[in-house]
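Look at the two complexes coming up: subunit A is in both, with subunit B in one and subunit C in the other.
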Partner chain A sequence: MTRWCIFLVMVLAGLTVASLALGDVALSWRDLWKTLIGAQDADPQNAMILYDLRLPRVLLAVLVGAALAVAGTITLAIMRNPLAEPGVLGINSGAAAAVMAVIVLLQDPPMLLLPAAGFLGAAAMAAAVYLLSWRGGTSSLRIILIGIGLGSLASAATTFLSAFGEIGDVQRAMIWLAGSVYDADLVKVRFLLAWLIVPLALAWMATRELDLIRFGDETAKSFGQPVDRVRGFMIVLCTLISGAAVAAAGLIGFVGLVAPHVAGRLVGPAHARILPVAALCGAILVVAADLVGRLIIAPIQLPAGIVTGLIGAPFFASLLWKRHHARG
Partner chain B sequence: MARRRGRAARDGVRSLGLLLLFCLLVAATLWSVATGSTRIPLATVWDAVSSFDGSREHLLIVMIRLPRVLAAVLAGSALAVSGAVMQAVTNNPLASPGLLGINAGASFAVVLVITLFGAGSGGTFIWVAFGGAALAALLVHVLGSFGAAGQSTIGIVIAGAVVASFLTALTSAVLIFDQNTLDAVRLWTAGSVSGRTMTQNASVAPYILAGLSAGLLLARHLAILSLGREAARSLGQNQAVWRTASIVVVILLAGGAVALAGPIGFVGLVVPHIVRLAIGVDYRWILPFSAIGGAFLVVVADLAGRLIFHSQDFPVGVTTALFGAPFFLWLARNRAGRPA
Partner chain C sequence: MPEDEHTVPAKLVAQDVAIAYGDHRIVADLDLLLPERRFTALIGPNGSGKSTILRSLAGLKAPSPGSILLDGRSIETLSTREMARRVGVLLQGPVAPDGLTVRDLVQHGRYPHRSLFGRWSEGDQSACDEALMLTGMTTLADATLETLSGGQRQRAWIAMTLAQHGDVLLLDEPTTYLDLAHQIELMNLITILVRDHGKTVVAVLHDLNQAARYADHIVLLKGGKIRAAGPPYDVISQEAIAEVFGVRSLVIRDPVAGTPLCIPL
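Right, the complex of A and B next:
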């Protein structure tokens, strides 16, 4: 566990430094160092590139990746289904429908409205899924089914808007939905960090509950766990965490699904171990995706959400298969 | 004795239900053919099929309305049955034909062809979509059974998620930079049976019909597969063989459906659930009910789209969800998660 953590932190640090140094204007190691320690003879243009553009972007990628991975881990545990990711709760489809509606239906919506709409859409869907599946208690299957039903309604709305909306608007909405950390600034980073810190800490404190609920409702109950209350609480956490990530960066797919699986393969089933490792994996995935997306066909930038699908998916899959087969 | 009689009675009720659903499907089909910009009496519909005389009304029926409703029937039943098969094979309620990469493969192939060669004529992309769907599904199957000889369903689930997100990412990478292609493809992506021709139906129908009959023949093996790996093994089932056969069925069905009507996600995912919630978990009944129920849903959704929104082009992918989802939600809320 410690070994893996150290390894992953080193990978993340390496990627972060690379993200700070590489780009349209490549900074040398010395320039990078000078600017970071604020040396007297540092080039002010480098400081601008570093502090206004690259640092916020990399920090946002770290936060979003970690948040998506943690939310994915929670969903996986409470749903007990290997396909479960925060999207099962309707978070993605809700955010997509809300953002598509704002972009297509409003004339020139202010940029600040998009994250708010994304978060509200996600939260409203998650609340609706949970409330509709409540009938003197919940069950994982009922939440999954209700999530499918409500999710398909929201997707139908999105599809309708994208089929008949003005084509330029639709394309703008698609770019937002593809998921990227383009327009990061330090205000956004600080806001996201402040927002995430409490839910992430709560999730970290609740790892034992996650271990229990994963065994199944009956087993967890026999250990004295108030299953419904824990599940509701976890869904609230999950919505706060991944809703904020989606609001900040759009729909970066695959991270929430795969990071927990990889972490489970690396360090075993205990959530006290999975949670930090998954967060690191998620952060690495998004930072790497953003870096690759910036460089691969520069000066055109590919959104990070697309790169996670193109490169992250095959890479993590090969990792999963190797571990799987190594153990027989 | 009493139990056997109880089962016979339940089977009787189910047969009756199936018959009733079939009659509903026939009625909806006829209504759909008769309804449109001009109302055509059913007698004329019959004449158009039996003794075609080339009049305007007959042409309208034979060239436009019949192909359209036939496409809806074919696509609906194919999607629903393939969804039921997928859920049985993976033993996972979140599974759908989309999990095999069918929709992502078809969409990517269509988008690629439009980007490279232009939109072409007719606005439908039968073989491109079919080919893309089949290739993606084969890739998922090969990756998923790689090494472990198809021992675990989790392999195919992860392979499906990987291939689907890879292809979806490629598709969006093209679409966010190429507005013309986005414009050409977005109605197709929503799922539509508008403007289908008899030739298109005829070219896809053999695959779908083959898939449907094979699916119905497989019902018993699917029932065993759906019990999970351990139970299936202890019953002596050769899982690798039947799983592969099921995947081939899904490719035929869902590939044909996506070629005809575009990537409609809702039917394959939800109709099997509706059927299961309504009649129970016996796959020998789930499959025929899904076939007819799926066709019924898509025909009604297409009809409703034309009636309510007064548009020939209202995407059926949207209306299926609009009409199917509330019913599904009601069922899920009332039936799911309690002892049967």
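Right, the complex of A and C next:
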């Protein structure tokens, strides 16, 4: 576990340095070092590139990736379904519908309204999914089915709005939704960090609950876990975490699905180990996706969400393939 | 095993219990006494409500109307955690995540004794060690569950419920899918738990003769109702078997254990 953590931290550090150095204006190691330590003869333009553009961007990618991975780990445990990710709770489709509505229906909405709308849409959908699936208790299958149902309803609303909205507005919404960390700044990074710190700490303290709820409702209950309360609490945590990530960076898919599975394969089934490793994997994925997206067809920037989709789809397929073959 | 029912206090009591799933009523007007420090077997044909009753006794399915009393107190007044400290449950076909070791599994059994921030204590450790020892799983503690045989896996799950340290153990068909040697091993373990550790064990069993041989008390069920309850010799009779299972049989004395032995004709 410690070895994997060290290895992943080193990979993340390497990717971070690469993200700081590479881009339209490549910085040499020497320039990068000088700027970082604030040497006297450092080029002020380099400082601008580093501190105003690249550093916030990579930090935001780290936070968003870790948040999506932790939310994915929680969802996987409480839903006990290998294909469950936070999107199942309606978080993505809710955020998308709310953002599309704000951009299309309001004339020139202030930029700050978009993340707020995204978060509220996500939270409202998660609450609706949970409440509608309540029938004297919850069941993970019911939550998944209702989540899929409400999700497609919200997607229909999004499509409807985009079909009748101004083309310029719709394009703005699509760019926002594509999932990217391009408009990062340090204010946004600080805000996201402050927002995430409490729910992430709570998730970290609740790893034992996650370990137990994964055994199934009845078994967990027979071991004294108040299953419905724990699941409700976890859904709130999940919404706070992934809702904020979506609000900050739009829809970056597959990280919440891939990271927990990779972590589980690396360090075994205990959540005290999975959670930090998944967070590192998520951070690595989004930083790498952003880096690749920036470089692959430069100067055009590919949003990180599209790159993670490109990585995630084959992974998804291999997951299905393995399960299929595991059953014989 | 001779037993005078009136001298043995009831540990678990079902009082005027009805249980339904939706509109489908499975159990009605059930009054059940489960003697303390005894091994009770629930037997009956498929659909007779055995597992449902066990679930209800475990607090996993609330009866309506009616109540379940544990040591004379309704389990509705107990929190999930408190209930788990006193009653261990092993349901059919429990599933564990891949890569879990026996030790990990057994340690989860300490959940109801630990607070949210509680550290792993010496008490927790000794409870786990004892559970592993009783089930003979000490040497396999570091094996992952998927590498074990069915019998070993079942013992690992029983160790998990033993680590809970409840004085009641509810087992739903614990011997199903086990070969003969493992079935006998499990029955012997239950006997030890009851006789030497003062546990009250209630198990749903399919094998009549197994129940008759090992249980102190048998509850014979049909259609959600009790057909007979008491020591094996009072319950297992040719008439009862014919009525409940629709099978003609000969009940003789088991030449080894002296318990009733039912031979279908």
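FYI, the second predicted complex is superposed on the first by the 310 of 328 C-alpha atoms of A that agree within 3 Å, B and C clash if a C-alpha of one lies under 4 Å from a C-alpha of the other, contacts with A are read in each partner's own complex, and residues count from 1 in each chain.
Please note the rule applied: a contact is a pair of C-beta atoms (placed from the backbone, for glycine too) under 8 Å apart; a residue touches a chain by one contact, two chains touch by 3 or more.
From a predicted model like this one, the values you see are computed outputs, not experimental measurements.
A.B. asks: Of the two partner chains, subunit B (first) and subunit C (second), which one does A:Met205 touch, if any: first, second, both, or neither?
C.D. replies: A:Met205 sits against subunit C, while subunit B stays out of touch.
A.B. asks: Between subunit B (first) and subunit C (second), which does A:Ile167 come into contact with in this model arrangement: first, second, both, or neither?
C.D. replies: The first partner, subunit B, only.
A.B. asks: Per the contact definition in the header, classify A:Arg214: touching subunit B only (first), subunit C only (second), both, or neither.
C.D. replies: second
A.B. asks: With both complexes overlaid on chain A, does A:Ile148 touch subunit B (first), subunit C (second), both or neither?
C.D. replies: Only subunit B is touched by A:Ile148; subunit C is not.
A.B. asks: What is the contact status of A:Ala270 with respect to subunit B (first) and subunit C (second): first, second, both, or neither?
C.D. replies: second
A.B. asks: Identify the partner contact of A:Phe223: answer first if only subunit B is touched, second if only subunit C is, both if each is, neither if none is.
C.D. replies: second
A.B. asks: Please determine whether it is subunit B or subunit C that touches the greater number of subunit A residues.
C.D. replies: Of the two chains, more subunit A residues are contacted by B.
A.B. asks: Now for A:Leu83: first (subunit B), second (subunit C), both, or neither, which partner does it touch?
C.D. replies: In the superposition, A:Leu83 contacts subunit B only.
A.B. asks: Name, in rising order, each residue of subunit B that touches subunit A in their complex.
C.D. replies: Of all residues in subunit B, those touching subunit A are 92-95, 99, 143, 146-148, 154-155, 157-159, 161-163, 165-166, 168-170, 172-173, 175-177, 179, 182-183, 186-187, 189-191, 265-266, 269-270, 273, 315, 317-322, 324-326, 328-329, 332-333, 336-337.
A.B. asks: For a test of understanding, state which residues of subunit A touch subunit C in their complex under the given definition.
C.D. replies: Counting only subunit A, the residues touching subunit C are 205, 208, 211-212, 214-216, 218-219, 221-226, 264, 268-270.
A.B. asks: Name, in rising order, each residue of subunit A that touches subunit B in their complex.
C.D. replies: So the residues of subunit A in touch with subunit B come to 81-84, 88, 132-133, 135, 138-142, 144-146, 148-150, 152-153, 155-156, 159-160, 162-163, 167-168, 170-171, 174-175, 178, 253-254, 257-258, 261, 300, 302-303, 305-310, 313-314, 316-317, 320-321, 324-325.
A.B. asks: Inside the complex, what are the residues of subunit C that reach subunit A?
C.D. replies: Residues of subunit C touching subunit A: 55, 58-60, 79-85, 87-89, 91, 94-100, 104, 108-109, 111-112, 114, 116-117, 164.
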